[in-house]
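Labels run A, B, C, D, E and F following the written order; every chain starts at residue 1.
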Amino acid sequence: MNDVAVLPLSPDVIAALQGVCTATLTTVLLKKGLRNVWMRGPRPLVPGTPKQIGRAFTLRFVPAREDLATPASWGAPISTRAAIEAMPPGVIAVIDAMGTTDAGVFGDILCLRMAKRGVAGLVTDGVVRDGDGVRGTHLPVWCQGTVAPPSVAGLTFVAWQQPIGCGGVAVFPNDVVVADADGAVLIPAALLDEVVALAVEQELQEAWIMEEVRAGTRLPGLYPPDEAAKARYEAWKRGRA
Amino acid sequence: MNDVAVLPLSPDVIAALQGVCTATLTTVLLKKGLRNVWMRGPRPLVPGTPKQIGRAFTLRFVPAREDLATPASWGAPISTRAAIEAMPPGVIAVIDAMGTTDAGVFGDILCLRMAKRGVAGLVTDGVVRDGDGVRGTHLPVWCQGTVAPPSVAGLTFVAWQQPIGCGGVAVFPNDVVVADADGAVLIPAALLDEVVALAVEQELQEAWIMEEVRAGTRLPGLYPPDEAAKARYEAWKRGRA
Amino acid sequence: MNDVAVLPLSPDVIAALQGVCTATLTTVLLKKGLRNVWMRGPRPLVPGTPKQIGRAFTLRFVPAREDLATPASWGAPISTRAAIEAMPPGVIAVIDAMGTTDAGVFGDILCLRMAKRGVAGLVTDGVVRDGDGVRGTHLPVWCQGTVAPPSVAGLTFVAWQQPIGCGGVAVFPNDVVVADADGAVLIPAALLDEVVALAVEQELQEAWIMEEVRAGTRLPGLYPPDEAAKARYEAWKRGRA
Amino acid sequence: MNDVAVLPLSPDVIAALQGVCTATLTTVLLKKGLRNVWMRGPRPLVPGTPKQIGRAFTLRFVPAREDLATPASWGAPISTRAAIEAMPPGVIAVIDAMGTTDAGVFGDILCLRMAKRGVAGLVTDGVVRDGDGVRGTHLPVWCQGTVAPPSVAGLTFVAWQQPIGCGGVAVFPNDVVVADADGAVLIPAALLDEVVALAVEQELQEAWIMEEVRAGTRLPGLYPPDEAAKARYEAWKRGRA
Amino acid sequence: MNDVAVLPLSPDVIAALQGVCTATLTTVLLKKGLRNVWMRGPRPLVPGTPKQIGRAFTLRFVPAREDLATPASWGAPISTRAAIEAMPPGVIAVIDAMGTTDAGVFGDILCLRMAKRGVAGLVTDGVVRDGDGVRGTHLPVWCQGTVAPPSVAGLTFVAWQQPIGCGGVAVFPNDVVVADADGAVLIPAALLDEVVALAVEQELQEAWIMEEVRAGTRLPGLYPPDEAAKARYEAWKRGRA
Amino acid sequence: MNDVAVLPLSPDVIAALQGVCTATLTTVLLKKGLRNVWMRGPRPLVPGTPKQIGRAFTLRFVPAREDLATPASWGAPISTRAAIEAMPPGVIAVIDAMGTTDAGVFGDILCLRMAKRGVAGLVTDGVVRDGDGVRGTHLPVWCQGTVAPPSVAGLTFVAWQQPIGCGGVAVFPNDVVVADADGAVLIPAALLDEVVALAVEQELQEAWIMEEVRAGTRLPGLYPPDEAAKARYEAWKRGRA
């Protein structure tokens, strides 16, 4: 089931996005008319987790029902285990847990297997379980925290590679996810190249503005820049080249 | 897409469930180990809406994204319009709106078309829009109320006949939904016959207990009945036959 | 257990409070320094339910646990059934459901028994189940609405006549509860006489102010009244005597 | 203070908007890029309240503080009483109560005075108090319900005719508010004429679509209309002229 | 009052539970039919707090009322002070704060006294106050964080050693509580021995599975183990003995 | 606009408050009848942030509207930039973000400018964006965390130096704010001197009580102190002088 092919992501795009923070990405996406691209809930499980960039590989849970959400279900053909074995290296697994914070989507065993498969990261609006164990796997994880109960205490796994919601954001397979200390931001697949180009420029401009503020410049006329400031910025940019 | 065949529902089952309230169904399902079968949110839009019973025909929304959730999307192949045209008569459309209460899943036009197709009811954990218009279609609707904004103000439609969550309950295509003044209850397809039989008996026993309380009997020993009360009930039941 | 004697409530107090709305009571209690006496959640189940006044008879639930909250527990010595049989006529049963809205504290059978015992009303921050059945018992009920599931789907009954919270208000046995269309207000037992006297006067003054506004008087100087307005009010009051 | 002049509202605009429901307005505003114009919370206090249209006259509360929010404050120069006396006829008072649902912004006396002054309506994301009294004034009110406690139990009044939030929507003095059975929608003052024109046309087109659905037309190609449907609609429209 | 005798807890049980994480306990309890045993809210106040295991000693708060929740109440016979003096060494104080997060149940003085008495830990669904002070006492604390206001700003203390709810879980005196980095889990007193035995075995099996995953084994057939995997596990287990 | 003069704050008051924790301040304010002075939400962004004390300089946001909340608005006369340039050294900027947690009020550039201007701290019930950048500015910040999206994704800036709500507390320009590890507490300007005097004494008494508890004294009679304890405390205090 769910055989949506995972698209490659160019190393150039990854390199460019490594230099851009998620805050800058949201500014650029807002200027393109997209105000709802930052997922509410996912946070780095481990402070200092390095930024991750990858295609979204989606997983879906629905609420638990005692006849479905059982330890026995973990062995069924449609299971989180099968979904993990379908993940190619480099993807970011994005898990729709409907914001559930009292049942962990995955624990140490599943996270270790993901790390082994080269998955770039796990992003969920839910939680993981056995926090110490998960931290030990070194899989980069963005979630709402750690709890004790298993997924089946609150969730039923139903599918992978379908469109999902995660933290109030629509995520489709192959959208690009960037996750850093401020959380996880979605770039729609169709807008990728344009957003990357604008974000690199925006990041540079803000670096210059920070220099100016550090030097004592007042904000009005600087941020956003008026014509004079723009000219100074362009000169500075030429000087860097 | 989504070609899950809708199973028929026997007229005998429908007739039996007409005599059972959703409160009784939840008691019977709890005795079978199912505590989470009542959907949080759906209420009759119109007081006095007659009870509806039908197979679940599911629809799924994810959050809105400005590049996807547009009036233009209403004409796309995967649209609420196409989903409605796929509904056979007698089903209950169960719509996963993720509990969204500031964007209406459907308005008067879509509800009128559903009524025309013989759909038995609409159950959602979200809201509908243009309440006066929807009421005018006479489609039986269970929802959280009415609002002005269209679905695309908060929601993106993605699929039908997939497993969903609705009001915190897992709903699969072909599960059976019963909706009355107290809301909507799910009966898992596999448990249908057993639940119907137990519920009819439970309803009868509670009717007898109400007669007893009306006559002044104290609760201890009566509800739940001790051996003496059970004997009196059995005698009463034989007398009715 | 829980043998807190229920104190009588004088017919004069009941008669005086019949002429005072809960809005006026909260104003008087606030002037005495009590800002938190109105319960969040309880609403008349049936519009037009007549005002009820009575001593609080408290009941407590804690969350459900599958080994405790079972249909079998309904026959245990500490059960809602036993609590009901301990209620004297005229009390208002105040039920701490911790604001739970997906499991009904009581259904038609228990409410009918309470009506039979002459209980003045049921006030809860939770919900009741089998709404049509409960309405048929004519017991005055203030709650958050009606649902299908039984109490044991979400709640475990543990005690009666202990101090409780209900809708964010502390309620002790023998406090006085007044419930009308705007909800339920608590009067601490120790403040009863003083509050009743002040409330009757406050109600009268507001009636005079309404007459003045109806006649076209502007608000400043009238509400609250300045010295001139106070003099006119006193004259009006003398004229009524 | 707060002497923002209230702009007139043309009778033609009012008449045009009388023929348009708030659901249609939100569709038109969304097409103009505005997705957040419907206030979360306000509902007609009395079912069947006629639609109201008017310029927004704003009021602001902040949370209560025991040294500020006192009955004595009702006589201060910056008081709800003074704000009411500053309201010209025809405006809709929009009250930012920060969504507070346990302290009523206004009661019967203030609402009666507003009705006397010819205020078109009261819209709040909070609640009113003394529901029976307020209903008796016949002031059209949109709110979250009725409670007993006075504003000072939870709120401090601070200003009128400043920008506010109401139900998650930014409201500036002189924006236009339309309130009907589905709630209250804001039209930014600068977009008024354009929105009115588009809404009248949208309403007409949806009326024609309803006729088509009533006659059995399938949804795809009709809603949204394809070229053939558009042509039929234009012919129908010409036939009406 | 409240003289429920605290039962001893065998050193063998404590030693066995030291080797089991709360995540494993919830899996075992779910297999016994208990899905709701993990408390929502309590977290270690200090990262790295060692695991605590003890009998539950319960305390109850209800909401604050200005005539009851006063600094003077701290000297009353039924006070948090008296409750603390009733705690034997080794218990875990479980405090029902109704999830209140803006008034601290205890501050540095009360926590220091508990530490002095040899209390094993404090678990609450509320918060503590004067976080730096509490951390200085070295009492192991699980809570929702730290705040400034005292309990009486939001809470009234009413009893100890009664059944309570804590974080949505029913807790009875003498139930066993285990708290670690993932929070606090309840083991019903009657199930203690069985749960401990199952948990030790479950923990061992998961350790073996982690070894397998580390070695590159795929998940299907391993977790949950099929017959072949079970055989390998049993061999491994024998090898350890 | 908004030219409310910022009052000075005496170095003696600042020095006295440096020795008092916010927990003690809330106890003292509660004894003066003020139960609602601690802001829900603001937390130190950086653990170990030193305590800050200053006059409140207020800023107000309302919800975002696509026609108002735009990057272009950052250059308008009423902008966060202009507000920052109006802040004198030593104030604490208190920002009413209506509790919004998915759009950051300020990012690194604005925080750096505030630090440059000598602002003592930023307190908000919302969040900041670009957490790493903000931390790099060394501005003391109390907020609900960090996110990626800019303010205009959810907020519209409207004014400074008006009365606001922040975390459920009413804040007026020139009230005094004290922020430490437990959050931010407001002292009404009019009560400043009295509160400072009482707080210094309260802090000393609690230090003595901690010494007593450390020495093994039981709580009853000590906290609150009975007459004997008071005498011992007075003696201890004299001994320190």
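What we mean here is this: contacts are C-beta pairs under 8 Å (C-beta built on N, C-alpha and C of every residue); 3 or more make two chains touch, one makes a residue touch a chain.
As the structure is a prediction and not an experimental result, all values here were calculated from the model.
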{"item": "Neighbouring chains shared between chain C and chain F, ordered by label", "value": "D, E"}
{"item": "Set of chains adjacent to chain C and to chain D", "value": "B"}
{"item": "Which listed pair, C-E, B-C or A-B, duplicates the contacts of C-D in over half of its pairs", "value": "B-C"}
{"item": "Same or different residue numbers at the chain B/chain C copy interface, by half rule", "value": "different"}
{"item": "Pair joined by more contacting C-beta pairs (E-F or C-E)", "value": "E-F"}
{"item": "Centre-of-Cα separation between chain D and chain B, whole angstrom", "value": "33"}
{"item": "Separation of chain B from chain E, taking each centre as the mean of its C-alpha atoms, in whole Å", "value": "39"}
{"item": "Overlap residues in chain E, where contacts from two or more other chains coincide", "value": "33, 35-37, 64, 66, 168"}
{"item": "All touching chain pairs, where touch follows the definition stated at the start", "value": "A-B, A-E, A-F, B-C, B-D, C-D, C-E, D-F, E-F"}
{"item": "Touching residues (chain side chain C, partner chain E) in the complex", "value": "33-37, 62-69, 98, 156, 158-159, 162-165, 168-171, 188, 190-191"}
{"item": "Residues of chain F touching chain A in the complex", "value": "64, 66, 71-72, 74-75, 79, 81-82, 84-85, 101-102, 104, 107-110, 112-113, 116, 129-133, 145-150, 152-154"}
{"item": "List of chain D residues in touch with chain B within their complex", "value": "21-27, 30-31, 35-38, 40, 43, 168, 181-183, 185, 206, 209-210, 213-214, 216, 218-220, 223-224, 226"}
